[in-house]
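Quick notes on the structure that follows.
Letters A, B and C mark the chains in the order given here, with residues in each chain numbered from 1 onward.
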Amino acid sequence: MTAKPMSITRKVLAMGLAGGMGVAATPALAEVSTETAFVLNTFSFLVHGFLVMFMAAGFAMLESGLVRSKNTAAICLKNIALYSIAGIMYYLIGYNLMYVGDSISWIGSVTLLYNPGDSEIALLAAGDDAAAAAAPLAAAVDNGYSVASDWFFQMVFVATAASIVSGTIAERAKFWPFMIFVAVLTGIIYPIQGSWTWGQGWLAQMGFSDFAGSTIVHSVGGWAALVGALIIGARKGKFGPGGTIHPMPGANLPLATLGTFILWFGWFGFNGGSQLALGSAADAIAMSIVYVNTNLAAAGGVVAAMVLTGAIYRKIDLTMVLNGAIGGLVSITAGPDLQNHLVAIIVGAIGGILVVVAVPLIDRLKIDDVVGAISAHLVCGIWGTLAVGIFGSANFGVQIVGILAIGAFVVITSGIVWGILRFTTGVRVTDEEENEGLDKAELGMEAYPEFGAGSQR
Amino acid sequence: MTAKPMSITRKVLAMGLAGGMGVAATPALAEVSTETAFVLNTFSFLVHGFLVMFMAAGFAMLESGLVRSKNTAAICLKNIALYSIAGIMYYLIGYNLMYVGDSISWIGSVTLLYNPGDSEIALLAAGDDAAAAAAPLAAAVDNGYSVASDWFFQMVFVATAASIVSGTIAERAKFWPFMIFVAVLTGIIYPIQGSWTWGQGWLAQMGFSDFAGSTIVHSVGGWAALVGALIIGARKGKFGPGGTIHPMPGANLPLATLGTFILWFGWFGFNGGSQLALGSAADAIAMSIVYVNTNLAAAGGVVAAMVLTGAIYRKIDLTMVLNGAIGGLVSITAGPDLQNHLVAIIVGAIGGILVVVAVPLIDRLKIDDVVGAISAHLVCGIWGTLAVGIFGSANFGVQIVGILAIGAFVVITSGIVWGILRFTTGVRVTDEEENEGLDKAELGMEAYPEFGAGSQR
Amino acid sequence: MTAKPMSITRKVLAMGLAGGMGVAATPALAEVSTETAFVLNTFSFLVHGFLVMFMAAGFAMLESGLVRSKNTAAICLKNIALYSIAGIMYYLIGYNLMYVGDSISWIGSVTLLYNPGDSEIALLAAGDDAAAAAAPLAAAVDNGYSVASDWFFQMVFVATAASIVSGTIAERAKFWPFMIFVAVLTGIIYPIQGSWTWGQGWLAQMGFSDFAGSTIVHSVGGWAALVGALIIGARKGKFGPGGTIHPMPGANLPLATLGTFILWFGWFGFNGGSQLALGSAADAIAMSIVYVNTNLAAAGGVVAAMVLTGAIYRKIDLTMVLNGAIGGLVSITAGPDLQNHLVAIIVGAIGGILVVVAVPLIDRLKIDDVVGAISAHLVCGIWGTLAVGIFGSANFGVQIVGILAIGAFVVITSGIVWGILRFTTGVRVTDEEENEGLDKAELGMEAYPEFGAGSQR
């Protein structure tokens, strides 16, 4: 556990190969200029933002692989649709609710639309006219980053929360009502609770600590999914009489594996970008630590889930291992800035164990979670948030307050929305449509028209 | 629509967690040094270039998912082959035709190969010898970016244009003639028309405006695909007597969905990188705006296609929604620098509507476009280019001149190449090979040898 | 072959569109500050590291596509498990063995765990206290990059080496023994030989040159795979009497294609990041050259494999072309810093040819390599390392010494580990389990439960 500050690397060799340049040739110690810091901060939001955006593909593939083939096209549609609606709603109203306002405590600003800053527009208009550019440049740089880059980065987070819901309620939720739910979740519910912490509201002032959103993103998605699963009900035939549980295996496990790898890949953006700055050596160091912890926690989740399912069932359940990776990632998300990476492995491994324990438990409660999202995102989200109170600098009691307050808010508001939808549009397809599969019923097509069982249906 | 320059973000919290560093600790206002700007500009080309490179995978998956299983391995082969040939041709001749020359008006330089700059090679050779490095360093930095990084970024664009063609003419085009077409398209046709605008040729001098290539990349690919579809003809059985159209559904819709998500992901490189610089706050701001507009236009395309197909057909066609996303992306590509993001949503939504309208129309014209590329890339490419004349600063008449000039050039030159191929090598497989599927006929293998119908063929 | 230092690009146009900013507006020549260089070096490790991490998904998809459907879930499990174990082992012991120590010659430090540097932790603790931050900031910046970022980048390399093995020995290797092998390979074998060159050990001192690991990563994986294949033996029925070879085609070729594209995408991180610095114009130029050569070598491998299989077999074998891309990439990996890109095309094309020649040869030797990894990674790894002695600045004899020394070490150590496993845990499943498929035997599930043949098994 001793730190080794000076590692020997390939650099010397590479310097020789490439002609001798490298760090050694750089000038004496000098700081990062403010405008350079602005560019680096902004670019960090963009790069990490596109990584998180790609998580939408990860969720789509994970869920495509874990549903039955008759519902595959429908889940693909839901995923691309919810990502789109999330972005539009967050532009129309959500970002302002979450982040804008002079003093945020319970809610941000209720103004509509979120566009570039005035100083930014003035700077772009000034062009090569250095005199005209001076004042707006100073004002823009003083903000630390481009406002559009921050919007982009925050937007992909709200989309993640919505993605979590779609998997749990797959194979029986009606399309349009779910889209309405997504619009409310991403435009209103998520932003309001987000403002409490990340918008410097009351939870932030209490000291609630959630680096990249174990609670604020993953548990929020998990709570909304749980309420949805309860109100929509289980798939026909999932739970039989006498507590029997009928397995309904996913149709395409390599796609589920791909989805998990994409999520893991995107999580470097999710956690790494949540450092929120790259304009100094300290930020770069902190961000690097976050990357390493993120990776090791996921690895811990995989190994723990693998060993545990192997020990319990004598067979190693791939879907459990995939959820173990996700559980490890969710668990470290509240505190990926730990300075001892061994702790990250432990936090992630506990996440993997929780998934293996929670999935059958939730089944036994007759809650039908098609992809295991409640276990991976809600249970591990709670664990990760508590872990910051154990291994990090946060106050354990405050962490519990945050978990409960956000949980209560999301359960109540989601419940109201799902409830209204249930008694107006309805929230699930007919039994006939469910038997036929949502692909034919709602989309009029098949995901795999030529393959096996699918081709006979 | 009011701009909010100072958003409250998670930064304050993160600063607290990570030890208090952040923008606040950086020094007083100072500029980006020229060498730093050089590094940032270069890195932007590399990062955005690898994103666009990945679009080759996106096209491969989109097309793999939308063809029938008997032609799936063949379309995979075509996609990896065309990406390879595009890169080699652009290195051998294309880049020089497009960008090199003292004064370009109708065509660039016809010299062969494109290698690093002399000053760059001298700088690398100088190594740690600061005296020897001084002059070449100044010369290299004065160029603003590494020439290889620019080549890389431009190369992935030409590959995109070629990728568009393969989808339209899938399932009946012969392999080697198509490869010859790709070589001519990427080595000669694309670069010459590209030089007119991006090589500072006559269209640029007229003021034609196409930020990242709605016309120069997407419509060019679309025109070449249209001409190919006309000369090669429709798949056997696609169009029956009396105007009947026989649907030939794609074999693997989750792969098509994945392909669309990959394209969306890569498009941040396509449009964001086309800012062409990251060495100042103004560039970083402009790039961020481009990212946001790119995302929102795609979202607009998705929602519009979803609502429209839902309204018209009562079922929501997934492939139409996927093409709606692509249509939205293509539509914003000519002008993603709009400073009001609401306009980007509208531009993208119109793109999504155009796709839904154009796909059946092109079917009715008995043009067999397997994946809908003509609708998404050509029709929306034209729309996006016109939109810059409506919402942006471009002259509407000049935009029309550019669209028509480039369209005429590509239609004529593509027609000549496809025509020559038709009367020499032939451009389509035999009826027997088409029935058997290209996988067995041209590759001697099956894409899915164990799955359903595929395993019996 | 003449270099063109000043290309005309889209920049002028984009500057006009975006309001006139760009490189032209930046100040007079000035250097990169040391702290900025630190940030850029670190961010390069992170960005290129996440690209290489994604190669784990590439290997998973490539192998998923090339095995039969009854072994698909098992290979997915192996890939996510080995990536996880590699990371944990490299943290526990591997990185220290490879890189840490005052003077490394045959082995690094045998200390456990690798955490952030003391100066880095002090800097983070100092926060906004500029006085307290000054000394640790200077010390951290003097290291050139964050140590965690370097760990992350090096870790994804060791995972790549392990990924190579899983493909060769797929469809019959037992799960847990393979995991033990992975732990030893990534924790001990790979790091020790890696220290010889990249840890500045005896091979580096001799002048052995392997920029990004044709030998150190790819051949190492290839040798371990070869020894594994020999000790585990061929799949039942693969090799019949009288030298007959029974083809066992992969179940899902679009996934194999996707995997190859992901590997290609990730390789920009693999080779580009191996420049190991981004803090100067010279580094940015060198990195850009690496990107271009990487892409062109892969393209050369594709075209060579395509033309050769077309010429020999009259049909173009997709799997051979995919391996041609990988062979081209592996071939350029030892020397992607060539300053004439034409040479990169040639080096890659020879790699593609070697794959087409080696695959049937290895079959004839009755070595059962399920995915062709020995050909693509070992054979081309040797070729690429030799190529640096031909086209690069390395001494040909020293290159041979390195190839032989590393090969001998890995063959012997892998052989010992595989041998011990064979006589303790056993290394392959029973014939019955092999017939049934590893998915059912070891995981108790099916990868594609609803598709065709798979649904009957």
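Keep in mind that, in the parts below, a residue touches a chain if its C-beta (ideal position, glycine included) is under 8 Å from a C-beta of that chain, and two chains touch if they have at least 3 such contacts.
Small disclaimer: the values here were computed from a predicted structure and weren't measured.
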Other chains in touch with both chain A and chain B: C
Same or different residue numbers at the chain A/chain C copy interface, by half rule: different
Fitting chain B to chain C on CA atoms, where both chains share a sequence, rotation angle to nearest 5 degrees: 120
Separation of mean Cα positions, chain C and chain A [Å, integer]: 28
Junction residues of chain B, two or more chains touched: 18-19, 21, 25, 31-33, 36, 47, 123-124, 133, 252, 258, 279-280, 282-283, 286, 448, 451-454
Chain B residues touching chain A - in the complex, by the definition given at the top: 1-15, 17-19, 21-23, 25-33, 36, 40, 44, 47, 51, 68-69, 123-130, 133, 249-254, 257-258, 260-262, 264-265, 268, 272, 278-289, 291-292, 295-296, 298-300, 302-303, 306, 310, 313, 315-319, 321-322, 325, 339-342, 345, 448, 451-454
Chain A-touching residues of chain C, taken from the complex the two chains share: 18-21, 24-25, 31-39, 41-43, 45-47, 49-50, 53-54, 56-57, 60-61, 64-65, 72-73, 76-77, 79-81, 83-85, 87-88, 91, 95-96, 99-101, 104, 108-109, 111-121, 123-124, 133, 137-152, 154-155, 175-176, 197-200, 204, 209, 211, 252, 255, 258, 274-277, 279-280, 282-283, 286, 337, 392-393, 442-455
